[in-house]
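Okay, so chain A shows up in both of these, paired with chain B first and chain C after.
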Partner chain A sequence: MTEVKKHYRSNPHLYRLLAITVLWMLFMAVTRFDKFYTFKNFQTIAAQFPEFGLMSLGVMLCMMTGGIDLSCVGVANLTSILCALLMTKLAGESGVLSPATFPIIVVVVLVIGALCGAFSGLLVAKVRIPPILATLGVNELLTGICMVLTGGAALSAFPKEMTTMLAANIGGVLPVRLLVFVAMAVLVWFMLCKTTYGTKLLLLGTSEKVARYSGMKTERMLIRTYMTSGICSALGGLMMLSTYASARADYGSQYTLQTILIVVLGGVSPNGGKGKISGVILAIVLLKLLESGINRFQNISSYYISLIWGGVLILAMVMDYVTGDKRSRA
Partner chain B sequence: MAQALLKATDIQKSFAGVQALKNVSLEIMPGEIHCLAGENGCGKSTLIKIISGVYQRDGGTLEFDGKTMDKFTPIDAITNGIQVIYQDFSVFPNLTVMENLAFNTELAAKRRIVSKKRMRQIAEEAVAKINFQVDLDALVGTLSVAEKQMVAISRALMFNAKLIIMDEPTTALTKKEVQALFDIILKLKEQGIAILFVSHKLDEVFEISERFTIFRSGELVVTGSTKDLDDKKFTFYMTGREFNDKTFVAENLTEQPILETRNLTLDGHFQDISLKLYGGEILGITGLLDSGRTELALSLFGIRPATGGAILRNGQEISIKTPQDAMKQKIGLVPEDRLSEGLFLPQSIADNIIIAEIEQLKTPMGIFDRKKRQEEVDHWVKEMALATPDANNASSTLSGGNQQRIVLAKWLACHPEVLILSGPTVGVDIGSKHDIHAILQQLARKTGMGIIIISDDLPEVLENCSRVLILKDGRIVHEAPTQEIDEKTIVSYMM
Partner chain C sequence: MKKLIALLLAATMVFSMAACSSGETAKDDTQDTSNTGDTTGTGETTGGEDWEIVVVPKDSSNPWFVRMNVGVEEYAEETGVNCYQKGTDQIDATLQAQLVQDLIAQDVDAICVVPVDIQSLDPILKEAKDAGIVVITHEGADLQNVDYDIEAFSNAGYGQFIMDNLAAAMGEEGVYTTMVASLTNGSHNEWADAAVEYQKTAYPNMTLLEAQPRVESNDNGDTAYNVAKELFKTYPELKGIMGTSSFDAPGVARAIQELGLRDKAFTTGTGMPADNAALLKDGVIKSLTLWDPAEAGKAMVSLALKVLNGEEVAAPLNLGIEGYDAMTFREGSTTVLEGQGWITIDAENVDSFGF
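Up next, the complex of A and B:
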């Protein structure tokens, strides 16, 4: 009992999010049980959230350092366009992509993400541009490159072997995209909780100056963090390519703000230095459950979705305030 | 005896069941300079807030200027002539001096239209009262700490103040600025204004006040004339402990210097600094604020790498370009500003202790070794006698003295051979100050560590260092063993 209490005390925000989730699930059970509680619905949810879920993981890391990453959608779209082009090239004249090339594509995805992230990281750590401006600039730049590459049109004529594989469900049950998300989430969790990176990241986010005075390699930490964020976004882009079976310069533009909303809702302080991956993952799932639930009501337009997301974000903040959770505001 | 200006009798106040003030009394005469001293958390801030109407007292009586004050607000206090100048001065950095000074009057007069001419007149009158020379159109944010304080004092004087309470007014001031402040306080006294001066610095209490009151743990310990007070008594009243401070004598010096600089230069800050530090000694470096003493420490630690000259470690020339270089050479730095350079305030005490040695707390596989981390945290909490029930609490929950001990622990955990401390006891209560000095002396004697104390607290330097270097305008102007030099001589070299 005391263990549970202790856990609650150190994670009040997490439990409040959990409470909101449970309330929403109850509400859906009462109002639209047979439409919402279907295997197919949960499978769709699990297949859809990984694309913005992956991006959110990256934004979370950047926000823990006191920064932000607004370039995730640009990175994602650039990745998916370059992948579509690469797949066409690799397939050659036969037009069929051999599974042997899949690892090459994954490596290319990771490299694109790392390069874009490293570029943002350099601007933030070395040139000392405020992260919000640096990543906004990088996002515009990458979107511009995408526009030039595609002329603004959607790329859909590329071999679909790999994207079909990513869109499949293992044994007809488990979406492959969910597995990709889980793998990345476990990796990020490992970095945050099992290595010294997590402690250093949060302290760096509290004060870069004190971190430097404590002998931390602050520039390297920042660049590494933005690189990780870039990799997360690039994987998100690969997921988007498999969802839409096409690539375009302006897909998923709503994700820029949505990822920030998720990360803040998940209890990460926009000032840096505070946050837990468990909260962010719960926020990712909660947001998708809300969206999917609202879609079960035919007479409620999907335009209401932002209204409800905004409402939930403010509700979570107000709950923190009312319950006097000083630690979350410190 | 004349009628007291302020007469507080048997004041009680508790917060959430904790008694912050237990029947304390305080009497201030008109035109008197009265010093209120006590360690952090002794209740002096609470009493100030009761006198200025911020808190309501739970019991006792309060009389001001012959009137009984019951249930009054801060505005009532101001109209009655009680002004408080807080540590942060409560000035608007983004407004000009003139706007800051005229703001309250304009608000009080409920004016909606601003007249620059009228504001200038109000401001000129205000600064004239203390002969304060300042550009009225300068932004307050660009002024020095001392000038901001003068703005706050000028503003306080605009409301026919009879009592001005200054909450630790000298914390961020240089010696010269403190002197200027004291001159103003004496001028105010001539005008019949009483000053309640809150400080825990002994020399200031002696210099400026006529009478003093000391609190400890919410109780009145003693009140009386400053004439009857001496160094030992003051410390005893403040802490309830007796200290037998010994002047540090270096034993077991290493034959070779463990750290040496040759003509070390940082353009624009210091030139041609050649010094030798032996293992087992404590070297003092002192000088005025702009003498280059702070930058010298930063250069030795790689934050601001030197632009010329050489640094030698055990006789070998080394290059220190980053703090990591310095740490590889087993050099640690306790920086000057604990709050912005030394501590991650909102983060846990535990993380603050282990952050510098964190790379050593990994398993061979590179995994963060939580068990080892906990052992280190437990060890240093005990070793430094940190007053905390739980090392997972934020560092900001601790007093200045305990916070400084965290910074010290952070470096000692890295087992440095050279430890540089910049202003090691600034803003630290007197008990902790003695403890920190004892720790440093023991480190030098027992472990053979070479310690550099950079400080303008001359008694601190004389008591704890075996040698002292005096910096002026970026150069070493004098070097002497501390037994052969006194405060006056040091000051004459500094100025």
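Up next, the complex of A and C:
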């Protein structure tokens, strides 16, 4: 029991989120049990959250440094559009994409993400533009490139072999997209908790000055962080391409705000230096559970989704304040 | 510590409830498969009221779709069918696709959707069809994975309808011309072509302005106004302009007002009621043409119900809704149904739409 207690002491925010989640699940159980607690529903949820979940992971890393990444949707859409074009190219005249080309596409996705991220990172670290403006600018720029590439229309005429594979469920049960998300989450977790990167990242977020004086290469740290974020968003873009079997410059534009909401709800301090990946992952799932749950009520307008998301965010913050220990309150 | 115990208690409760009712869900599931797997409804013991039909608009705040909701709610009230509208809070293709996925997971019986984006929705609708859900769309004629798509009217029919309105205003005689958003716009030009063709036989005393039989407004009220002003000045004999885009007739009306040509020159065409209420009440425009989203919403639900009940869908199809009572298939298509769902908006009914 003391073990559990200790764990609670060190992760109060996580447990509060868990409490909210359990409350919501209880509420759904009481009100809409047979509509909500079905295998198909949880499968749909598991297939839907990876696209913005991946983006949220990237935003989380940036926010831990005291920055933010508003370019995630732009990166995602650019990736999906370039992928669609690349798939058409690779398939050639036969129009069939051979599985041998899948790794090439994955590498291209990672490179696009890394490049876009590096660009944002350079603007933040070297040119010293405030992250909120730098990434907003990059987002506009990338969306503009997407517009030019597609003329504003949706791209849907490309070979679907790879996207079909990604959109499928393994054995009809486990969504492939969930696996991609889990793989990336494990990787980010490893970076944060098992390497010195995580500690350095939080130190950088707490005080850049201290970090620099203690001999950290802060510029390289920042660029690396934004690159990781770019890669997360690019993978999110690949997930979107799979789900919608099409790419367009303005898909998922609501995700920019949604990812920030998730990351803050997950307990990452917007001022940097504080946060845990477990909280963010729980927040990703919680937000999707809320949305899906609300969609089970035919008389509740979708407006309430924003209302309830906002309510939960404020509730989590208030709970932090009321039950939080004195130290973090200062 | 107290908090922790409370948390554990809550968790146990959830799990025990899940365990208790899992048997029930399984039963429901098998029942659902028998419903959806066999849409012809043979051996169906449940009545029509048990179907769950959901209408998904592009979003739920656009006045156009608020009006559609009025229709859907009216239909539910009148017939007792369990149908309702559920939209996202902003127009976004991904949000709409996710909402449809959520509905598929809920195992509703029919989904009626007005697509934001054809390409991203098509694969999702395939999931719905694979799950045995009836899919009806509106203004989505290019979608592949649907049972049926409903269009308010055929392009030719709507063109003729606008011409009837213009002829009525002009007293069935005089010189007129046609205005489209652009000469490359597909539907606008089809409306105008059909209208001109129809005028030749139906209104022989009217003549098309030969020097300028078709002008462009670029979907812009100011352009429409300037072009119309120029036309009326250059061709004093010009008595009517048929508009197609929703900016045409209001723009032309401003020109008529300014040149003092009221009751000497006339215009009609597509137009939104609220935007043009002042012009209609003023009498510069006698009537505008449109289709009513409320009726389209009703028509979708009614057709979904027909498919669910296993009734035959053959032209001419009567959905029991005005304007959708003699629907025919679009030429060369077996899924796109066209009605006569156009309406006239005039000074009397302009305030009754709410958009």
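Everything below uses one rule, namely that the second predicted complex is superposed on the first by the 323 of 330 C-alpha atoms of A that agree within 3 Å, B and C clash if a C-alpha of one lies under 4 Å from a C-alpha of the other, contacts with A are read in each partner's own complex, and residues count from 1 in each chain.
Keep in mind that, in the parts below, a contact is a pair of C-beta atoms (placed from the backbone, for glycine too) under 8 Å apart; a residue touches a chain by one contact, two chains touch by 3 or more.
Keep in mind it's a predicted model, so treat the numbers as computed, not measured.
Taken together through their common chain A, the two structures put chain B and chain C side by side without a clash. Once chain A of one complex is fitted onto chain A of the other, the partner contacts of A:48 are limited to chain C, with no touch recorded for chain B. Applying the stated contact rule after C-alpha superposition, one finds that A:214 touches chain B and leaves chain C untouched.
Once chain A of one complex is fitted onto chain A of the other, the partner contacts of A:257 are absent, as it touches neither chain B nor chain C. Number of chain A residues touched is higher for C, counting chain B against chain C. Judged by the touch definition given at the top, the superposed model places A:40 against chain C, while chain B stays out of reach. When both complexes are overlaid on chain A, the residue A:273 reaches chain B alone and has no touch with chain C. Once chain A of one complex is fitted onto chain A of the other, the partner contacts of A:199 are limited to chain B, with no touch recorded for chain C. Think of it this way: put the two complexes on top of each other by chain A, and the tightest Cα contact between chain B and chain C is 22 Å. The contact sets of chain A with chain B and with chain C never meet. The part of chain C that touches chain A in the complex is made up of residues 1, 3-4, 7, 10-11, 13-14, 17-18, 21-22, 24-25, 28-29, 54, 60-61, 84, 86-90, 92-95, 97-99, 101-107, 117-120, 122-124. If you check the complex, the residues on chain A that touch chain B are 193-196, 198-200, 202-203, 206-207, 209-217, 273-274, 327, 330. Interface residues of chain B, counted against chain A in their complex, comprise 301, 303, 323-324, 326-327, 333, 335, 340-347, 351, 354-356, 358-359, 361-362, 366-368, 394, 396, 410. Residue ranges of chain A in contact with chain C, taken from their complex: 4-5, 8, 15, 18-19, 22-23, 25-26, 29, 33-35, 37-38, 40-41, 43-45, 47-48, 154-156, 167, 240, 243-246, 248, 250-255, 291-292, 295-296, 298-299, 301-303, 305-306, 323.
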